[in-house]
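Working notes, beginning with the structure itself.
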Amino acid sequence: MDDLIRTLLADGELAQFRLRAAYRGLVILCILGSTGIAIVDTVPDIWGRWQSLVDVLDILGLVLLSLDYVFRLRLAWLGKEDDEPEQRGFRSLRKYALGPYGIFDFVAVFPFLLEMTVLPLSPDAHTVFGIVRFLKLARYSPAIEILAAAVIEELKPLASALFIVAILAVAAATLMYFTERTVNEHFATVPDALWWAIITLTTVGYGDVVPITVMGKILNSFVAVLGLCMFALPASILATGFSEEMRRRNFMSTWNLVAKVPMFGSMHAGQIAEIASLLRPMRVPRGDIVVREGDVGDSMYFIVAGQLEARTPHGIFTLRAGDFFGEIAMVERNPRTATVVATMRSQLLELQVLDFQRFVGRYPELLDVIRETAKNRLQQ
Amino acid sequence: MDDLIRTLLADGELAQFRLRAAYRGLVILCILGSTGIAIVDTVPDIWGRWQSLVDVLDILGLVLLSLDYVFRLRLAWLGKEDDEPEQRGFRSLRKYALGPYGIFDFVAVFPFLLEMTVLPLSPDAHTVFGIVRFLKLARYSPAIEILAAAVIEELKPLASALFIVAILAVAAATLMYFTERTVNEHFATVPDALWWAIITLTTVGYGDVVPITVMGKILNSFVAVLGLCMFALPASILATGFSEEMRRRNFMSTWNLVAKVPMFGSMHAGQIAEIASLLRPMRVPRGDIVVREGDVGDSMYFIVAGQLEARTPHGIFTLRAGDFFGEIAMVERNPRTATVVATMRSQLLELQVLDFQRFVGRYPELLDVIRETAKNRLQQ
Amino acid sequence: MDDLIRTLLADGELAQFRLRAAYRGLVILCILGSTGIAIVDTVPDIWGRWQSLVDVLDILGLVLLSLDYVFRLRLAWLGKEDDEPEQRGFRSLRKYALGPYGIFDFVAVFPFLLEMTVLPLSPDAHTVFGIVRFLKLARYSPAIEILAAAVIEELKPLASALFIVAILAVAAATLMYFTERTVNEHFATVPDALWWAIITLTTVGYGDVVPITVMGKILNSFVAVLGLCMFALPASILATGFSEEMRRRNFMSTWNLVAKVPMFGSMHAGQIAEIASLLRPMRVPRGDIVVREGDVGDSMYFIVAGQLEARTPHGIFTLRAGDFFGEIAMVERNPRTATVVATMRSQLLELQVLDFQRFVGRYPELLDVIRETAKNRLQQ
Amino acid sequence: MDDLIRTLLADGELAQFRLRAAYRGLVILCILGSTGIAIVDTVPDIWGRWQSLVDVLDILGLVLLSLDYVFRLRLAWLGKEDDEPEQRGFRSLRKYALGPYGIFDFVAVFPFLLEMTVLPLSPDAHTVFGIVRFLKLARYSPAIEILAAAVIEELKPLASALFIVAILAVAAATLMYFTERTVNEHFATVPDALWWAIITLTTVGYGDVVPITVMGKILNSFVAVLGLCMFALPASILATGFSEEMRRRNFMSTWNLVAKVPMFGSMHAGQIAEIASLLRPMRVPRGDIVVREGDVGDSMYFIVAGQLEARTPHGIFTLRAGDFFGEIAMVERNPRTATVVATMRSQLLELQVLDFQRFVGRYPELLDVIRETAKNRLQQ
């Protein structure tokens, strides 16, 4: 049983991938279904005669989510394999249960367990808890963590940009208030004008509050232009920070993989960091075709883990961790001479032709190795 | 006949360009016209007494599109000249007919052929098929392929960003539902509030659903600001991925051309990749003026294929594949000393002055060749 | 008393940080509260029976802001410690009082002092002065200075882009005026059409003015598409200029810190400028944990000022200005081997692993020093 | 008289700058005023009793614009000083009069001349010609030329992106037509639905056409999200192309100046191109302060033309074309040791500290010259 839980929930291993993926898909489906039902339930009598079917589906989903929570508690109690013994048991359980993901998992099923056992919830609490279940999805997407990291990293410029927007909104609202308050009831108070200012500056423009005097319209025109220009500031700061953070995470995961490739094993830290910035990690499931004979070749691959097989007109060759392939198309500018298929789930590092120049420019000895291999393979 | 089909439809050759361009223009016109008529036809009695003229034009266009489909079937049957014989005939025909472009071509004319022969379509089917004809245009624009490649490449960050937006939308809708449901019929259910949330977050802001309480307006203000900031994420990820993908395609096509220039022929793969990232491919039709005497010169050109002639005050010189020109303006910072005209459709590689520094910085021996040539030409 | 003022208001010192932060927070709270009350006061009878409490709070806030102004006057009279004596006293006082921040500080309290002493203000003047108080916040945010610098730096492209938008707006308005003036009273004059053009081009789209003829709608569609494309120009110019200016400011502050680290002391100006572009300044308050044992290490730190302590399983080591730490994780790709805590407020320079490659690529002798230190520390 | 015309209209010279600037300001004012009057004139009886004053001002402005046209014709007849004699006279006159600027200048005054002499125009023609006058401003802004160059340069990706948007719009309109045509008169025909699709995809969102069924709202939500994502494509392509084109123009003008500085005179073409990409051209009018004693110094300057004077505590030194200044702050990281003022209009090249590292990294011999000079100046 413990092994099953480990198999279903543990991350990052290459074996038993399909079972894990299926379980994960099932849990995500339950979350989406359960949240969807909670949202649609607020429409009176929406289900009609399907009501009982929906109720059964909802309860089935929640039973599975409850099981998932129990599994995760057990997994946390068991601890990770490379943890020291004193870190496991109650300590690792507490760490999980009080961490954000543990809380999300708990909140997702707690009201259901409550309703099943002790007391029924009010319809409103039912709706809220049903929708909050959505947060459990956060575990399956790095997006929120990355966004949070980006916001923290760019906090100062972001706050600066929002401060400018706030000043603009207050100034626009005050001016509009004095321009139109006597003739337009929508601008009778500064808070009313602030509502207009924000809806205009964000370019939402509902149109429920619109100036009616000439001066008001001129002012509004300037505010609309300024708003469009100014709101590019926080938006572009956030977009840049987000993509920067994603790049950093990709780099970190590549960095840890590069040293596992024998070819780069003897390099010092600075060189590995440079190579890591040129390579891109890539996971291929079993059976995937990585390169196809006859295609234009615009990248080569280093194998970190797993196994692939190269199907050439002259036979089938096995490629193992530490090998590389796809170099012929880069060096000779030929189309692909073989089709390479993963015979088990594999971890590759991709080197695109655009980065190839920087790669061999700095490490000409690597180019020699690659060319030698390409020549040998072509002669076969 | 087969030769004519090859001339009209085949890509990438330098000869017979005008005939091909004319045919292509005619087909595009037929597609646009046919789609336009299908769209406008949904307005009752729009054509008035021009009805019969429009009908005739529509049928003429569809006849030409049918011919185009027949031509393409024949071309597919013939196969490409560098295909092996067993790849041609039925196999290459099937490959075309079941590929996306083959299906688009078929769908564009199928309802017309059906209507002409067997049975008339309902007006709705007529409209749908007429509009779907638009997709045939995809063949003439790389945009959709590039967008698809960009979406696949950036799938993870894109999904992450959209997930954040989805959480934001659900959270905003739930909060607004509890804030206004009792006083504002537009927020009576969570799905109603979701409609408001999405229209606000995307800054579309129709204004058909607007909060009326103070708390609702404050909430709305925050949602509008957050939405503007958050939607920059997927938009900028997509924009970056799209331009990245376009750059990659440009690089690939340049890369294949660079090795054809004798000057770069002896270089190794990494150097060619580097030079390819500095040059930009450029096709000039016959008769086009590439540089004009007396202009400020900010780039030089390498000839990959075709032929040009340099008209200088001292005579006319012919430039052939492998030659380069425009180097005098770069090395001597003179205005152009000659007018260079393409005497046949030519393929050039452009080196802009901004990239010239990197170019000669790495390959000083190339600078020597270029300066030598410039000196000789100036002495003439 | 003078010492207290210096402590509360002076910038950039490492001691007495908490007292200063608390005072700053109090002042910002007073500004926000006072502005907020002025805004909400325009709603008749909003406070109800809390009126007197709000009044008392408002007066308390203004008394504190008045004190702040007096403190700042006194501080300006005292001058900075490194000023020459003749620069202090009346000259430095005048410089402060007539500078933008001095004027903002004065405007924030002047109407209050006037009302308390001489004459009551009209409600409108009260509102205006209350809201203008907001500007005093500018002192606490570099945003406005940065924006102003960015606007000045990018003035030409910005003006160019806005000029294009202006031409577009005038052209769109003129065309729409001639298209709809006879049938749609909203387009009866060109200024009316200009209102529509600006609201459409900025994508605000209130919907109060909408074309009703087919030609008008076609024109409007083109204007909407063009507007979206064109307004990206000023918005992206401003966003780029803003982030460029922030980068410049960060670089300048790093540049001044780098030479204080003994390791870089012997380098020449160009090298220091290069290293400064790789490092990022970081201030840590007392008690902050900079790196935590067992974490993945993706940066190392140089200490410019302050003091930290490294808590390892083998004892506690003190780190002082000029030392560096965190290098083991970078060189050996281990998790962190120690927890480092600031024992006083410290100024660090962070080197991220992404920049590490460029750093050691150019200065291999620095890598030797860093590796040597890492080896010694690991042997302990 | 010819000399006066040359002085008023000729570009790029360093002398008589103020007179030219004043004349240019006057012409721009006349254009703006004349266009403004034409726009406001469409409002009936707007001027009231100021009608005659406005008429007089309008005529005065048009007289001046007519004079400007005559001046420009004369200047074109005279030709440029470095033109060969046979290029002047009638040939250069025709070149101007039939070029875009000549036509704009003509159109700006032609209707006025017509009205004054032969026949009165209809009010509509009056309005159109009055507003078209705006185009004459194009001469004073490089924006339109740059935009046109950017559009041509990025034509393919731009067309690709707009094609995607067009497909999206047609697809959305067709789907919405079939979803709502029976219940919502706003979607009775596909062209009606296209109007909704474009206004939604551009996020303008007037709100005059909104779906009312649940399916329609779901479809609309997807369209709004897709639209926001997709429209980032053309907008960012255009923004990138525009800033790229501005950068190219700046580079070209710097490139022509660099070789005039003796220090860089002996360098070869590739090196000059590299230095040009690090420097930024800067024009300072007479009397302008370039650096101020005591400021933080973040750039140094090379003098291309003109003359400046350095006011130090030890005396006043004259700086001439070929000299450089501001290097002390860069090399020694001191505040500025002198105030430098332009004694005539000067052309400088600025080197920012951020680019200084690349500059001296590649050309260490330049650093030696700069440091030597800095040392000598400090010893004085």
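So that you can tell them apart, the chains are marked A, B, C and D in the order they are listed, and the count of residues begins at 1 in each.
Convention: a residue touches a chain if its C-beta (ideal position, glycine included) is under 8 Å from a C-beta of that chain, and two chains touch if they have at least 3 such contacts.
Keep in mind the model is a prediction, meaning the values are calculated, not measured.
Q: With residue numbers as the basis of comparison, which of the pairs B-C, B-D or A-D duplicates the interface of C-D in over half of its contact pairs?
A: Within B-C, B-D or A-D, the interface duplicating C-D belongs to B-D.
Q: Could you say what rotation angle superposes chain A on its sequence twin chain B, using C-alpha positions and rounding to the nearest 5°?
A: 90
Q: Do chain A and chain C, two copies of one chain sequence, contact each other through the same residue numbers, with over half in common, or through different ones?
A: Homomeric contact, different residues on each side for the most part.
Q: If you take the mean of the Cα atoms for each chain, which one ends up farthest from chain C?
A: Most distant chain from chain C: B.
Q: Using the average of all C-alpha atoms in each chain as its centre, how far is it in Å between chain A and chain C?
A: 29
Q: Cα centroid separation between chain B and chain C, in whole Å?
A: 41
Q: In chain A, what residues contact two or more other chains?
A: As it turns out, chain A has residues touching two or more other chains at 191, 194, 203-207, 231, 235-236, 240.
Q: Which residues, counting only chain A, touch chain C once they are in their complex?
A: Where chain A meets chain C, its residues are 157, 159-161, 163-164, 167, 170, 173-174, 177-178, 189-191, 194, 200, 203-207, 210, 214, 217, 220-221, 224-225, 227-233, 235-237, 240, 248, 251-252, 255-256, 259, 268-274, 277.
Q: Inside the complex, what are the residues of chain D that reach chain A?
A: The touching residues are 203-207.
Q: Which part of chain B faces chain D closely enough to touch in the complex?
A: It is residues 35, 38-40, 42-44, 124, 127-128, 131, 134-135, 137-138, 141-144, 146-147, 162, 165, 191, 194-195, 198-199, 202-208, 231, 234-236, 238-240, 242-243, 246, 296, 298, 330-333, 352-354, 356-361, 367, 371 of chain B that touch chain D.
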